Each structure stands twice: as structure tokens, then as C-alpha cells.
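First chain A sits with chain B, and in the next complex the same chain sits with chain C.
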Partner chain A sequence: MLEVKNLMVFYENAIAVNNISMTVTEGKITGVFGANSAGKSTLMRTISGIILDQKKKQEMKGGERITVLGSITFAGEDIIHMKPSDRARKGIILCPERRRIFAESSVMENLKIGGILATRSQAKKTLDYVFTVFPALKELKKREGGFLSGGEQQMLAIGRALMAQPKLLLLDEPLLGLSPLMEQMLVKAMHGINKQTGITTIIAEQYARPILPIVHYGYVLENGGAVVEGTSRELMKNPDVKSAYFGL
Partner chain B sequence: MMDILIYGTVNSVTFSLIAVGFTLVYGVSRLPNFAHGALYVLVGFMTWSFVNDLNLYYPLAIIISLCIASLLGALIYRLVLIRLRGLPTSEIIASFAFGLIILEGLRLQGIGGFKGFIGPFYVLPAFVDAKFRIAGVLIDAQRLIIIGGGLAVVILLWLFTHYSKIGLSLRAIAQDEQAAMMLGVDSDRVAMISLALGAALSGFAAVVILPLGNVTAEAGYRVLIYALAVCIIGGLGSWGGAILASFVLGFAMILSTSFFGAVWESVVLVGTIILILIFKPSGLLGKQKELEERV
Partner chain C sequence: MTTNTPIAAKEERQERLDRGIKVRTEGLYALTSWREMSYLLAPRALLIFGLLFLPLLMDPYWQRVVCVAAVYALLALSFDFLAEYVGLVCLGGAFFIGCGGYISGLLNHHLGWSPFITIPIATIAGAMVSTLILLPCLRLRGVYFAIVSFMFPMLTVNIIVALNVFGGTEGISALATLPNIWFDQYIVIAVLIIALFVMRRLVNEDIGLIFRSIKDNDQAVRASGISITLYKIKAVFIAALMGCFGGAYMSHQYGWVGISLFAMDFSILPIAATVMGGGGTLVGPVLGALLLTPLSEALRGFGQLRVVLYCLILMGFIVYKPEGMMNYLQRKYHQFEHWRKV
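Then we have the complex of A and B:
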């Protein structure tokens, strides 16, 4: 479904993503793990194309030079130069790090904005689905996005991304700063969404332990490069990975 | 007393109408459109010209002028501002230059027999020529149309931005451009639409307000300054703030005129602006853009 080949991303001369190649299987969850500054977010931003917008803005300002090399193939088409909004139209939806909820809009309006790409019937169906997965959101319909707790915001961010009818859902650090209880609930929800809808998903997380059981295949990044990859069982067995990332 | 209330409201709504297009564009795309006043005047002259030179039906002339204005707004974005986004100083200079070309172009003489729009000869007819007496105050129909038009614009814009897909994309881009892009909103397209809409709104203000006086090119500068004043006092990009600021300025003006005389009008206007900014530098309803992060 998604094929990343020899992807390199530079900020000026600093390398953020170093020669990463990865394959994402249709209908499965793929994990991307690594510490801070390992290149997870840059990878996600590059797949979703937001990096191109960042690049354009930096170029206008005469600021940091961003370079993207390599190829990203989605459903048989090379998308590395495609605008982010066009990629979203093709079904690549990023649920960004720190959630980026529309703070002045209500929960309902956030979901409506998420559904801009959807047809009326798709939007209606997905809205019902989002409320079954996250019943808490239904109660908070009228609340402004800025007044939600971190966990509620994360649920809303995932719901909003689902409204955009993703074929490939990119979740960047969905568990950032959440309580263990909320963490558990979200992991279950993400697993359920994948099982029920079959949406291909990539989850980038720093803390792999709660995510690992639900991923099909995972990559461990270090300093921008993929150092280890394998199925979730292989990763769990790998002694280096175990000690460094899972705290086992 | 009653006349202060009524004429104050007319003044305030006039300010709102003038400022709403500017606020919309700035709120959505952070682009200060300094060609705003020029578009206002241009619509006035185009309408006049269509009615008097081409003998078009008045409402049709208005509609055509508004269409041309929004096209021009879109063009300003497509040709110039798209290359400058994120560079506030360049945006101001470029859009102001565009406005200057329009305003000074209107006064050019002698090219292809064009006589230039100079002097007090250009008057748009009032929609309805009548006077009413409301609560003992004499008021002409055009001023009532201004109030009605202002109200209609606010209501329609609210509905548009809350219930249509394009309106929702405008609001999304206004709040977090990149997050909106991730959901499939094309930022350049939305910014272009916002400029087109802003231009049409400035033109609409022109056709309802201008029948009260002459159409002159100089008015373009004054309109721009009013729009800026209202937006800065209200808090840049805040719609509610802009409306509130319009009422503050509108009533400050009418009060100064009726108590101190018309000479004080501009002094009181500027004084109010300075006072508000001293006590609330970000404007009446200006928000700190960074919301506290919740983790």
C-alpha cells in the first residue's frame, strides 16, 4: 500500500531521516518506534506531505533549508512532490503530534471540519462510528476544543482524522502525556478501529510497550535511521530493543 | 438623545461594513489587504460608469462590479501575495502598491480619451429616495439600508462560516493552517477565496454607503485607515472585536460631533484609538494566539 524507499530528509546539514525504506501492508498496523529526535515525526510529516509546506515557508523566509530525497509510493503512485492537501484527498491523513485541535471550534465543529473531504452520507456514517468508538465525545459535543483534557483532545483528533475518510491513517505520538488508564483505552480503541474498518495505520510512538502488542510490523529508528525492524514478536524478543526501548 | 442613538448606530454599522472584509481576509489568511480601500472606491466608480456610460440597470451594474472586484481580489492573491505569504512587510507593501495603482489609475487623464475620475461629479443614486421618522428622528432610507445591509452581512457570514464546507475550511485555516491541510484543505485556494470574498464585501460596503455622498478616489485612503483602525482596536482577526470596535468608534464620533462640534471628530477618533491601545495593546478582544498547551 505504502512503499518508502531510501528516504532522506535534511534540515540544513543536519540529517533527520537517514535512508529509511519501509513497507506498509494494507489493512495492518505498522509501528515506528524511537526516542526523541529519532526522526519519527519528520518521517510522518514527510509521508503526509506537511514537510513540503514547512519547506516552502522556510524558503520564502530565507530560513532553514529543508531537503527531501528518495521516493514514497502510495497505491502505485509516486507522491513525493504531491501537495499535502492532495495527499489527504488520496486518503493519507495525519493525526499530528500534540493533536492540534481547532481550539476555538466546538467538538462537533472539529469533526465537521474533519469531514470536509467526505460526502454527506460518509460524514454521517463516520460521525456515528466515531461516537460509538469514543462515547465520551458525544457528551462533549458542544465543548470548545481548547477546553478539553489531553485525553479528550486525543480522542477528538483521532475522530477528526477518521472523518476525513482515511485509507492510510498516520498517528503521531497518540499517547503523548496521557495517564496509563487513558493510554490503555486509546490503544484498545486504535486496535478496534483497525480491526473494524480495516484502515491501514502507522503509529509512531516513543514508548513502545503499550503499542507493540497491536502492531503487525514495526521499525525502530535511531538518529534518523531504521536500526531494527520485524514483526511485533521479533521486536519483543530482540534483546537490544528490549533493554533500550521497552524498559523490560 | 434618540438621534444620537440612531445616527450612532448608522455610523457604527458603516464602520463594521467597511472593516468586515479586511477582518475576514486577515483572520483567515493573516494577509493584511492594503488594497481594501482601493477596491471599495473602484466598485463605486465601476458602478457609476456602468450606469451612466453603459446605461445598465442599477442592480445589474452593482452585481457586475462586485464580481469584477472579487475577481480582482483573487487575482491579487494569485499573482502577487501567493509569493509573499509569511512576510508581513512585503505583503503590506505589495498590496498597498496594488491599491495605489488602482486609486491613482482612476485619476489618470488622457489615456485613450479617459478623462479620469476627478472632482465631485460622481454620485451613486440612492436605492430608495424617501425619508422616515423613527421615534421622532428624521432618517433617510439609505441609512436604514446601511443598517439592514450590515445586519444581513453579519448573519450571512456567520451562517456561511458555520454551515458550508468552504466556510468551515476558512475557519479551519484561520485556526491552524497545517492541521487544516492534513485534513485536505488547500490553503492557497482558501486564501484566494477569502480575498475574493473580502473584495466583494468591501464593494458591497461601497454600494450601500456611497450613495450618501460623492465617489472620490481620495476616499480609498480614508476607508483603508478606518478598516485598519477598527481591526486593530478590535484585535486583529477577531470578528466580534471588529464589530465591538465599530460601535465604540461610531458612538465616539457621534458624541464628539454633537457635544463638541464636527471639528473635533477626527481628534476624538484618533484619541479613542490611542486610549484603547494604551490600556489593551492587543485590542478589545484580541487573543493571545498561543493557547495554553494541555498534556
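Then we have the complex of A and C:
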């Protein structure tokens, strides 16, 4: 489904993603794990194309230069130079780090904005689906995004991403700053979404322990490079991964 | 694998590095050789001597333009300081000029004090008055502060006209003028150079650090137990000092004060100069003003069309080079680029 080959991303002279190659199988959940500054978010931004937008902004400001090298193939097409909006139309939807909810729009409006690419009937169907996965959102329809709790915001962000009819869903740090209970609930929801709809998902998360059981294949990043990869079971057995990321 | 070959061929990126001499001259090492010292001093010397020699190269008409350009440069400096270092986009340049000008003019007219006394007094008193009047709006940020500060000059003009105080629409004429054109030019150029270097120092001192953090995140500054209003007052006062000096100086240069001191040009041109010169560099806006003012003078024949020209320049810079002239030049001076294989 998605092939990333020899991907390198530089922020000025600092390397953020170092020669990463990864394959994402259709219909499965792929995990990307790593500590802060490992390059997870940059990887997600590069796959979704947001990095090109950042690059343009930095160029205009005369700020740091962002260089992206390598290839990303999505459904047989090289998309490394494709604009983020076009990638979204192709079905690569990013659920960004720190959620980026539209704070002054209500829950319903947020979901509608997400569904702008969908047809009317798709949007209606997905909306119902989002409310079955996250029943909590149903009661908060009218609430402004900025007044939601962290967990509710995360649910909304995932819901908004779903509304865009993703073929490839990128979840960047979905568990950021959430309570263990909320974590469990979200992990279950993400697993459920993948199983019921078959949407290919990539989850980037530094807190690997709750995510690892649901991923099919995982990559562990360190300082921009992929150091370990394997199926969920292989990763859980790997002693280095164990000590470094699970504290076992 | 076939897709990989064309990409591998262009797998190069442009690397941008600080010049060795820049890194060395950041510390005490700068004092070890003439080359290093001149690297540091050359741009500064170029600016100072360029400004000092400027009047010598001009005929009497253009010498007047130099004076006005220097006043605009002061305004641009104060605008850049407030906008880029404190986060207050202040369109009240005309208000500063007007305050300084009227105070100095009134003192000279009614009390007969010499310009050498009225200009310093007007500078400080004008800054105090401007700060006091802007005080209630200091809690505003961004575009709201811009709107409010933009309205003060118009407000004052209308008060002066409506109440017919301070000479009404005719203004106050026959004020004492400065001794001669050379003195005119050098006093304002000297003040400009001093103000520029003082500001550059100031923004890197502790107080400048607080200003910049107020721009970045005022809640965090408050949480550190610092009153942001106090510091905004200080910042506006500093900026107003420069504007009010410009006004007081202009009133004595022309020997006249009137409501045209509150003209919109004084509020607008500094923005154009800042965008053109490069916001946040302090020296950029000064150069921008020193270029734009003569340009508008040279285009005086076109009448109102020169405003169109400002707008075009402004738009051109915003669209194609938003970083501005100085940011670009500084980068070229301090850094070099080369292609590097990945």
C-alpha cells in the first residue's frame, strides 16, 4: 500500500529522518515507536506531505531549510512531491500531534470540516459510525472544540480524520497526555476501527506498551533511523526494545 | 528499483554553514587579528560612515530630504522594535511625531525657549504623553492594538480642528529654527545612529529578553511574576522617545507645527520600510526608510501615484521576499552554502 524508500529529511543541517525504508501492508496497523526527537512526527509529516508546507513557509521566512529526499510510493504512485491537499484527496489523512482541533468550532462542525472531501451519503454514514465508536462525542455535539477535555479532543481528532474517508490513516501521538483509562479506551477504539473498516493505519507513539499488542508490524526509530523492525511479537521479545521502551 | 536511480542521481542538498570567521568572532578571539576585527567592524563602519558622509554628497534640496528620511528611519526603528520585539504593532507613528512636534512648538511659541531646550523636553514629555494615552490600550494585542493606535492621530487632529486650539488648522508658525542645514542634518543623523546602536544593545539585555518573551508568550511571562503591563509601558515609552524626538526636531526644522504632523504617512511608511528592510533586524527598517523616503521624493512628480508605488513595493516584498533585505544580506554575509552529497 505504502512504500517508503530511503527517506531522508533534513532540518537545515540536522538530520531528522535518516534513510528510513518501510512498508505498510494494506488493511493492517503499522506502529512507529521511538523516544522524543527520534523522528516519528517528521516521518508522519513527510508521509502526509505537511512537511512541504512547512518547507515553503520556512523558505519564505528565510528560516531553516528543509530537505526531503527519497521516495514514497502510495498505491503505485510516487507522491514525494505531491501537495498535502492532493495527498488528502488520495486518501492519506493525518490526525496531527496535539490534535489541532478547531477550537472555536463545535464538535459537529469539526466533524463536518473533516468530511468536506466525502460525498453526502459517505459523510452521513461515517458520522453515524464515528458516534458508534465514540458515543461520548454524541452528547457533546454542540460543545466548542476548545472546551473539550484532552481525551474528548483526541476522539474528535480521530473522528474528524475518519470523516475524510481515509485509505491510509496516520495517527501521530494519539495517546499524548491521556489518562491510562482513556488510553485503553482509545487503543480499543483504534483497533476496532481497523478491524471493522479495514482502514490501513500507521500509529506513531512514544509510549509503546498499550499500542504494541494491536499493531501488526512495527518500526522502532532512534535518532532518525529505524533500528529495529518486526512483527508485534518479535518486537515484544526483543530485549533491547524491552528495556528501552517498555521498562521491563 | 528502477525508480531509485534517477533519485539517487540528484541526492544532493544545499548545506548552509556559518563562516569560520563568524564563529570565531563571536568570542574574545575576535580581538586577535585585524582580519577578524574588520569582519566585525566593516558593516558597522560602513553604516556609520555612510550616514555621516551622506549630507556631503547632497545638494541643498536633497539635504532637506536627508533630514526627513532620518526622521522616518527613527520611526521605522521604533515600529520595528515595538512590532518585532514586544509584539505591539503600533501604527501610531504619526501620533508620536505630532505629540513631540506640538509640545516643542508650543514651548517655543509661548515661552520663547530655544530649540536646544524644547527638543529634549518635548522628546521626553511627548513620550510620556503618548505612553499615558496609549496606556489603556496596552492590554490589546495584534491587530486590535494596531487599529486603536492608528486612530489616535486622527482623533487628535479632529480635536485640534474642532476646538481650534494650538492654532487650529493653520498651526503655529514662525518658530525658532535650528542654526543651519549642516547642524540640521548632523543632529538627526547622530541621534539616529545612537538610537540604532542603543536599541541593538537594549534588545539583547535582560529587559530585551523580557520584551521578546512578552511577544512570544505573555502568559508565561506573567507566570514568572513579571508585570507585562509595566514592561509594555517601558517599551512604548522607549519607542515614543524616538518618534517624539523626530516630531520635535521637525517642528524646528520647518519652523512650523500643524496638523500635517499627524499625517498618515508617518504611520504607514515605517511599515513599508520594515517589510522592505527586514523585520526584527532593527538596521533593516532604518535602511528601508532611508531608501523609501528619497524614492517617494523623486517620484513627487507623480503626485498621489507615489502611494501606489509604496503599495507595489510593499506587496512585492511581502510576496517574494518576506524576510526582507537585511535578513537576506546578513545571511549571505555570515554563512556560505555548498552542495553536498547525501
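The criterion applied here is as follows: the second predicted complex is superposed on the first by the 248 of 248 C-alpha atoms of A that agree within 3 Å, B and C clash if a C-alpha of one lies under 4 Å from a C-alpha of the other, contacts with A are read in each partner's own complex, and residues count from 1 in each chain.
The rule we apply is simple: a residue touches a chain if its C-beta (ideal position, glycine included) is under 8 Å from a C-beta of that chain, and two chains touch if they have at least 3 such contacts.
Quick caveat: nothing in here was measured; it's all calculated off a predicted structure.
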(message) With the two structures overlaid on chain A, would chain B and chain C clash, or do they fit side by side?
(response) clash
(request) Give one of first, second, both or neither to describe whether A:60 is in contact with chain B, with chain C, with both, or with none. (result) both
(message) Going by the contact rule stated at the top, is it chain B or chain C that touches a larger number of residues on chain A?
(response) B
(request) Check the residue A:12 against both partner chains and state whether it touches chain B (first), chain C (second), both, or neither. (result) second
(message) Tell me the contact category for A:217 with respect to chain B and chain C: first, second, both or neither.
(response) neither
(request) Check the residue A:134 against both partner chains and state whether it touches chain B (first), chain C (second), both, or neither. (result) neither
(request) Mind working out whether A:74 is in touch with chain B, chain C, both or neither, as first, second, both or neither? (result) neither
(request) Quick one: classify A:245 as touching chain B (first), chain C (second), both or neither. (result) neither
(message) Quick one: is A:33 in contact with chain B, with chain C, with both, or with neither? Answer first, second, both or neither.
(response) neither
(request) Name the residues of chain A shared by its contacts with chain B and its contacts with chain C. (result) 60-61
(message) Show me the residue ranges of chain B that touch chain A in the complex, using the header's touch definition.
(response) 83-87, 162, 165, 168-169, 171-172, 175-187, 291, 293-295
(message) Which residues of chain A touch chain C once you look at their complex with the stated criterion?
(response) 5-6, 8, 10, 12-13, 60-62, 65, 67, 69-71, 73, 78
(request) Could you pull out which chain A residues touch chain B in their complex? (result) 48, 50, 53, 57, 60-61, 83-86, 88-89, 93-96, 98, 100-105, 109, 112-114, 116-117, 146, 148-150, 153, 160-161, 163-164, 176-177
(request) Would you tell me which residues of chain C are touching chain A in their complex? (result) 3-4, 7, 11, 13-17, 322-323, 327-328, 331, 342
